[in-house]
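Next up: the structures, one after another.
Two complexes come next, and they have one chain in common, chain A, joined by chain B in the first and chain C in the second.
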Partner chain A sequence: MKRDQRYKAGIISSLIPSKFSVERWSYTVHRITGVIMVGYLMAHIFETFQLGGGSTAWANTMAALHSLGPMEMVGLWIVAGSALYHGGNGIRLVLNEAFGRLMGKPILPVYPYSPTSLGRNQKIAVWTITALVLALWVWAGVYLLAGIGVI
Partner chain B sequence: MDKITLRVTRSGGKRASYEVKYRKGMTVLDALTEVREKQDSTLGYRHSCRMGICGSCGMTIEGLPRLACQTQVSSLNTGTINIEPLHNMEVVKDLVVDILPFFDLHRSVKPYLIRTDLKERDQSDREYRVLTEEVEKFLQFDYCIMCGLCYAACPTAALDPFYTGPQAIAQAYRYMADPRDEGWEMRVNLLDTSHGVWRCHVAGACSFVCPKDVDPAKAIQLARTEILKKRILRKRPREGSKPVSPPVAGAAKEGVKPPPFDFGGARK
Partner chain C sequence: MAQPTKEKEGSLMKESWNMVVTYVTAALLVFVLTFHLLLHSPLAGKAFEDTLAFGYATGNLVYYQVIFGVLLFTAVIHGFNGLRVIVVEWLHPTRLAWLLNVLVIALMAFFIAVGTVTLIVVG
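So, the complex of A and B:
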């Protein structure tokens, strides 16, 4: 099937999780945090690459970073949150994908339907990870932002 | 609520609004039928059974892929209902999408029992025995009506047109779990690709919209574990169950004739 023939609204709606279950939200956040981490990794490689230019180049790079002011630490805080969520949710996904855990066993569907793959265990896992990540992210925020007087 | 407004996305992306008189128990399909019969005979949509069995009336209603015949207007809690064609498929006309590529994906996973002994398959006078606990492993996935809602909801299918899709993978797993089937290895090889099971990221949208609780997300993860067993544990394909002679009435007690049919007086 050629992509240009398909109804374009599908591509747009694939980015919007509203009206779906919490797992669909989790999928979207997982992807966004993944993109943030890839961006950070590339920036980090570029930054360390400056070491090859000697101490002056490194000092200039650091000066450029510090010139961002509070945004430097805010950026790091966002990266920390991304890494926490991506890692935590990644553990749930490994349990789902590699071991078939949290998905439930095949059942005989009885109306009103309630898919076990989106059932209680899955919801508990998603919300536990979200709560843990939020708690750690707040702690990371205190650690990173308190020193620069943002909070 | 006396009247409802249907905002239908028609061919070319234009939106048309229709006002319909609301009545208790009205489904979205009823409302569309009323529009086509009384207001606009050019409105295109597909339907057949009107009772959630054929799976033809799939469309995006209020942002979610649903069967129009099973969606009560009252359940939407709005006086203005937005209706679009199913996503991730080519539009033929208005709400009618080309579902053939979706059927091709279904066909690509060989959704039928595969037996290696062709003579046995074609000329057998015996039958395959399946235990109840074996049936329970695949029966849920057998309820698929191929409506395409899971494929339309899948964010991965939106971004990868070559993705096998939740419906086809669920059907592949349905036969992988069937003890009569001998195509396990063939299906594992079909799914073990970059556009196969590994493309799924467990968004769960397919299971969320499935009108029959087939739960494709579960089937995909179970298929993955099967593939990992082959790759890591070197699991070998099992042999399909052997055919057995069908039971003969009265054969248990030799010499005893089976009882005559009792029609309960219905034919008297």
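So, the complex of A and C:
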């Protein structure tokens, strides 16, 4: 297989989640939430730039955002969820990759091979973070969406 | 056969330095971004709509200028370096790696400049 085709096969297979492990799911969601937040960051920097134009410019910006209707708050809720997951999972990754925590002790490679990175501590960390993030995301949803009557 | 580049003992390769930057900015972001979100949360004692008022937004930018400056720099550096890592992992650019680096640095500089102008003008 040519080099370019091999890379394309890698991209396509990385988009098929049927055989993802817990760690692979957290890797994928970490990247998706990261891209969402960079998109929002760029828009947010331009949005905040309008503050320099005074209260009228800011009021016009807010009016333009409010014209999106419920999508404005739904969008913010998605960004809030992205920030919560990316931050929580990021703390796990820093502990894991930078400080070698949650890795477990090395074991002999015995068939069927099970990566030590997917050990008990890692799985507990991933599921704990997911539960905490979901709880905080629901809280953020109530705060953001209840104010505009969506829920 | 090409000899591998000798790294000074104890030194880090380029990508390793990138990861150090990623981890340091990530650790800072956990604190400053949490602070930013708390200013717009129920803990601020206001409805969300009220936290978007001109007076409240400019007041926060003036009063917490240093924190928002740190947030701007860390978020932009962490975010665009993260995008670069995703592109590198997916496409493995070799000949165009320099172009990707230039593009990412240019975007970082642009958004940091826009954010810094905001902080200076409002401040």
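General remarks:
Please note the rule applied: the second predicted complex is superposed on the first by the 139 of 151 C-alpha atoms of A that agree within 3 Å, B and C clash if a C-alpha of one lies under 4 Å from a C-alpha of the other, contacts with A are read in each partner's own complex, and residues count from 1 in each chain.
Here is the rule we use: a residue touches a chain if its C-beta (ideal position, glycine included) is under 8 Å from a C-beta of that chain, and two chains touch if they have at least 3 such contacts.
Bear in mind the structure is a predicted one, so any value in this text is a computation, not a measurement.
Legend: residue contacts after superposition of the two complexes on their common chain; A:Arg24 is shown touching chain B, with no touch to chain C.
Contacts of A:Gly90 after superposition: chain C is touched, whereas chain B is not reached. A count of residues in chain A touched by chain B and by chain C gives the higher number to B. In the superposition on chain A, A:Ala98 makes contact with both chain B and chain C.
With both structures placed on the common chain, the touch criterion links A:Thr48 to chain C but leaves chain B unconnected. By the touch criterion defined above, A:Leu136 lies against neither chain B nor chain C after alignment on the C-alpha atoms of chain A. Contacts of A:Ile107 after superposition on the shared chain: chain B is touched, whereas chain C is not. Of the two partner chains, chain C is the only one touched by A:Met37; chain B is not. Chain A residues in contact with chain B (one complex) as well as with chain C (other complex) are 7, 10-11, 14, 31, 97-98.
Against chain B, the residues of chain A that register as touching in their complex are 1-3, 5-7, 9-11, 13-15, 17-21, 23-24, 26-28, 30-31, 93, 96-100, 103-104, 106-109, 113-118, 122.
For chain C in complex with chain A, the touching residues are 19, 23, 26-27, 29-30, 33-34, 37, 41-42, 47-49, 52, 54, 57-58, 61, 72, 75-76, 79-80, 82-83, 86, 90-92, 111, 114-115, 117-118, 121-122.
The touching residues of chain B, when paired with chain A in their complex, are 60, 62-64, 84-91, 97, 101, 136-141, 143, 152-153, 155-159, 161-162, 177, 200-205, 207-208, 210-215, 217-218, 221-222, 224-225, 228.
Against chain C, in their complex, chain A makes its touches with residues 7, 10-11, 14, 31, 34-35, 37-38, 41-42, 45-46, 48-49, 51-52, 55, 58-59, 62, 80, 83, 87, 90-91, 94, 97-98, 143-144, 147.
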